[in-house]
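Two complexes are shown next, each including chain A; its partner changes from chain B in the first to chain C in the second.
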Partner chain A sequence: MTQDDAGGSAPALRADRLGRRYGHVWGLRGCTLEVPAGAIAGLVGPNGAGKTTLLEMIIGLLEPTEGQVSVFGVTSRSHVAARLARVGYVAQDHPLYRDFSVADMFRLGRAMNPSWDQGLAQARMGALGIPLKRKVKTLSGGQRAQVSLTMALAKRAPLLVLDEPVSSLDPVARLEFMREVMASAADTGLTVVIASHVVSELERLCDWLIVLTGGRVQVAGPVDDLLAGHRLLTVPRATPDAELPGLPIHRTDSDRHSAVVVRADLALLAAHQRPGWQADPVGFEQLVMAYLQRRPQTAAADDTVPAAARPGLAAKEVTR
Partner chain B sequence: MIWVSWRQHRSQAIACLALLAALAVYAILLGSSMRSAFSHDGLAACLARSQGISCPAAISAFMNEFGSAVNIAFWAVLLIAPGLLGVLIGAPLIARELEYGTWRLAWSQTVPRTRWLAAKLALVTGGLVVLGAAMTAVITWYRAPMDRLTGHFLHNIYDFEGPVLTAYILCAFGFAVLAGLLLRRSIPAMIAAFIPWLAIRLVVEFLLRPNFQAPLTFRQYCANGCSGDNGIGAVPPLTGHIGDWVLGQPAGQSGSQFVRILYQPADRFWHFQFIEAGLFLALTAAALGATVWLLHRRAA
Partner chain C sequence: MFRFRLDGASGVPPYLQLVHQVRQSLLLGYLQEGDRLPTVKEVAGDLAINPNTVVKAYRQLEHEGLSGGRPGQGTFITSTLSLPPPEAHQVLRAALERWLRAAGAAGLNDEAVTALIAVARHDMRKERV
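Right, the complex of A and B next:
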């Protein structure tokens, strides 16, 4: 297991039945997904869902208990440096050495990364008005986040991984931070993976979505395909799940009606259309919330369908 | 990487230099007054003449003036000082990164974490060797007149006038680095490293060191029956040769006129130093090796 297909064609990120156990508890299990180069992927999940576990295995800070993960085709532990060189990482809470100056942090970056881009780092600090002589401990949270992001960008890695990058920031700093991320991604064709539970933030940015709950991937795929492959059905409350077309993801019952997010394509829905049913497109947030609230047992039932991105396939299996 | 390690340990290095400077000032002050007293009392001539037998009054006057300051106050502090120094520098080396979350930064750069650790260990270990050697040199220099009376083999002298001092520091350092990785907190790691270090240190000093090599036996004649006092620390020792280390009497001797006394001769000093330093350096290497291995395969 060295380099699977280390070429331009390799996906930015591929996980294959990836799992990580802490003692007796699986932090993440059976994670199979692929993110193509150039995608901006949002990773959503509640606290403890395994987001950080997945990200740390992507970077190589954590070794998988089972399965494997590759970044631009580089899988193996024997290529540690090659793997590390391909990922820029902004950890949660933006850890930096408090008694270092910004210039010291950059010097560390230069010493520890052969491809370090000092010009980029200094230009970004100039544009943001952060003096290089300032000590890290005197910076605001937003400035620290920017220094962290700059460290990751100046590494010139093709994949940028951000773990809850804005959760500790105020709204203005949040906006500035995400604007910088998006501008850099647009400029350089970076692939970005952003873990967040600020769903509205991701809606604006992401073209790829991964929902993780309870250590399992609930759904993963391009946002457009996912939105096209799901519908919000409004049906009489008495309708049992078994009569619904496609795979019901989450059901909200009100007095007389139930609103059900189902995974099903338009053809399937048209074939099952009944009087009194109404099918509407789902929004990004609705879709994410449906998967976040999905009951765990239904999640386990379709373990064998990792390709949730292909709603047609999943729907067929359920309706057979 | 050298710059990174230096930048992170700069303040520790400065503190160690300050410590060394303070020790040097103390040593120069005490050492020069000891030197002038030593020549003023004519002790050098007396030692050359009779191994000190002919001038007991001058010797006891000299020992009374300098002995207490040198032996008791210093020994208690210096017994634990190398261990404290080692754990203070070793424990935060990894634990601080884990405490502050900066390990995610340090280990996600292109340099793999094992190389990151190797660079830090090389630099800090090198610094500690220089520090230990300098402390040994300073202490050996200022105590030189006293050592001409007592030799180098007594507990309070042996521990600071050879490679063992550096080995003690490195051993505590190695234990603390490993404990820092395992416990992920600096202060608990310092305690967890210091206790076994002190235990090993005392066991080696009092149980192993007297038997690194089989002791020699000296037969002493006591006309009036021998007293229980076998003169440990006397100048000159019962063997009559300054620098011999009198261990005591083997058990089970009746009150005959001849008493057998066990001792280690003075010329075994360097042999013993290298055995003991090797022992502590082996423990250091084991702890640091385990640290590198654990960090390499570590996953949480």
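Right, the complex of A and C next:
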């Protein structure tokens, strides 16, 4: 798996038991996942969950402590330059040189990236009405974000990594930023990884989901499969977890009944029809919130029990 | 050009919202056979929505026989959806009015009627799946 796979078959992103330790604390550990080319992946997790650690290892800003990450088949330790050319990155705070003009920033981009597309950069600024001679410090937050995005897109990299790109923007600037990202993805088949806190906005943006809490991947996979593989069960309150047709992710107990989001075994579910039980489909936000609120001990137990030992588990989206 | 909209709070998956809008517009006559739908890029850039979602919606419309792609030209409406003839409407409406009167006589208020209809439709949809 360490061999470079330069063919078109390599996933856009692959992490294999990836981990990063800061002193005694693991910022991220045991992270195994894959994002296929052309996907738009949402990366969700609370602050400190390891999102930025993961992203910085993807873009090569941070070396893994263990495991490895590859971008279109190019692994971390080898070929750093080759890998960097494949990733465009927009950081949270849109770092640009304040005293530079937009044209200066583009000159810098051209000097640093052999594949720089000056025509694309200028055309985008024209379409957005941002004059090239304007100094960065005189631009609005939304305009600065657009310049950062343009810097990343003009690299012509097939993977675009966005770390909380819109958290500092007002709603209109956010929408405009994401419109540009989605139009670019439609245009070029770009693979995108977006870290975001705004779960409600992610549903329309991503077709792939990665939920990270406490430095661990809670769930990762195609959104459609994940939604199809989970149910919201309404059961009598006394029902123990072990009797549920699937792996309980999050449980809300009322006086007489409990609502449980389960990773369902659909065959088991069909055989489990009992009076007073109800199984409803889950929505995107509900699914994400269930994993974000999942109790850590559940997650730990999940890590130590082999998938095959748990009857309720749909095994395809867990680590391989 | 036809333009889609998206309601983030509706709970309906985005691709289904797009499909519903085309169906509804066909029923209301806002869309007609031969009309061109916006390109995937246009919809993605307009709504800030995942282009794969648009592709999925267009595939569904094609599957339903409502639209079709012409290579190099785009996606076009290929069918008309018309409401059932007015006579059928009148019959259904008369039956509905009878039912609503019966519901009122049984003590159901507007809210209860709406809830009952929603539950019944929900269950019927489930049976179909």
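Throughout what follows, the second predicted complex is superposed on the first by the 297 of 320 C-alpha atoms of A that agree within 3 Å, B and C clash if a C-alpha of one lies under 4 Å from a C-alpha of the other, contacts with A are read in each partner's own complex, and residues count from 1 in each chain.
Here is the rule we use: a residue touches a chain if its C-beta (ideal position, glycine included) is under 8 Å from a C-beta of that chain, and two chains touch if they have at least 3 such contacts.
Because the structure is a prediction, the values reported are computed rather than measured.
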Between chain B and chain C, whom does A:84 touch in the aligned arrangement: first, second, both, or neither? first
Of the partners chain B and chain C, which touch A:115 in the superposed model: first, second, both, neither? first
A:107 contacts which: chain B (first), chain C (second), both, neither? first
For chain A, which side has the bigger count of touched residues, chain B or chain C? B
Report for A:203: first if it touches chain B alone, second if chain C alone, otherwise both or neither. second
Take the contacts of chain A with chain B and those with chain C, and give the residues found in both. none
Contacting residues of chain A [partner chain C, same complex]: 38-40, 175, 178-183, 185-187, 200-201, 203-207, 227, 283-284
What residues of chain B sit close enough to touch chain A in their complex? 1, 3-4, 7-8, 11, 100-105, 107-112, 116, 297, 299-300
What residues of chain A sit close enough to touch chain B in their complex? 20, 22, 56, 59-63, 80-81, 84-85, 87, 89, 91-93, 95-100, 104, 107-109, 111-115, 148, 151, 155
Per the touch rule, the chain C residues reaching chain A in their complex are 6, 8-9, 11, 13-14, 40-41, 44-54
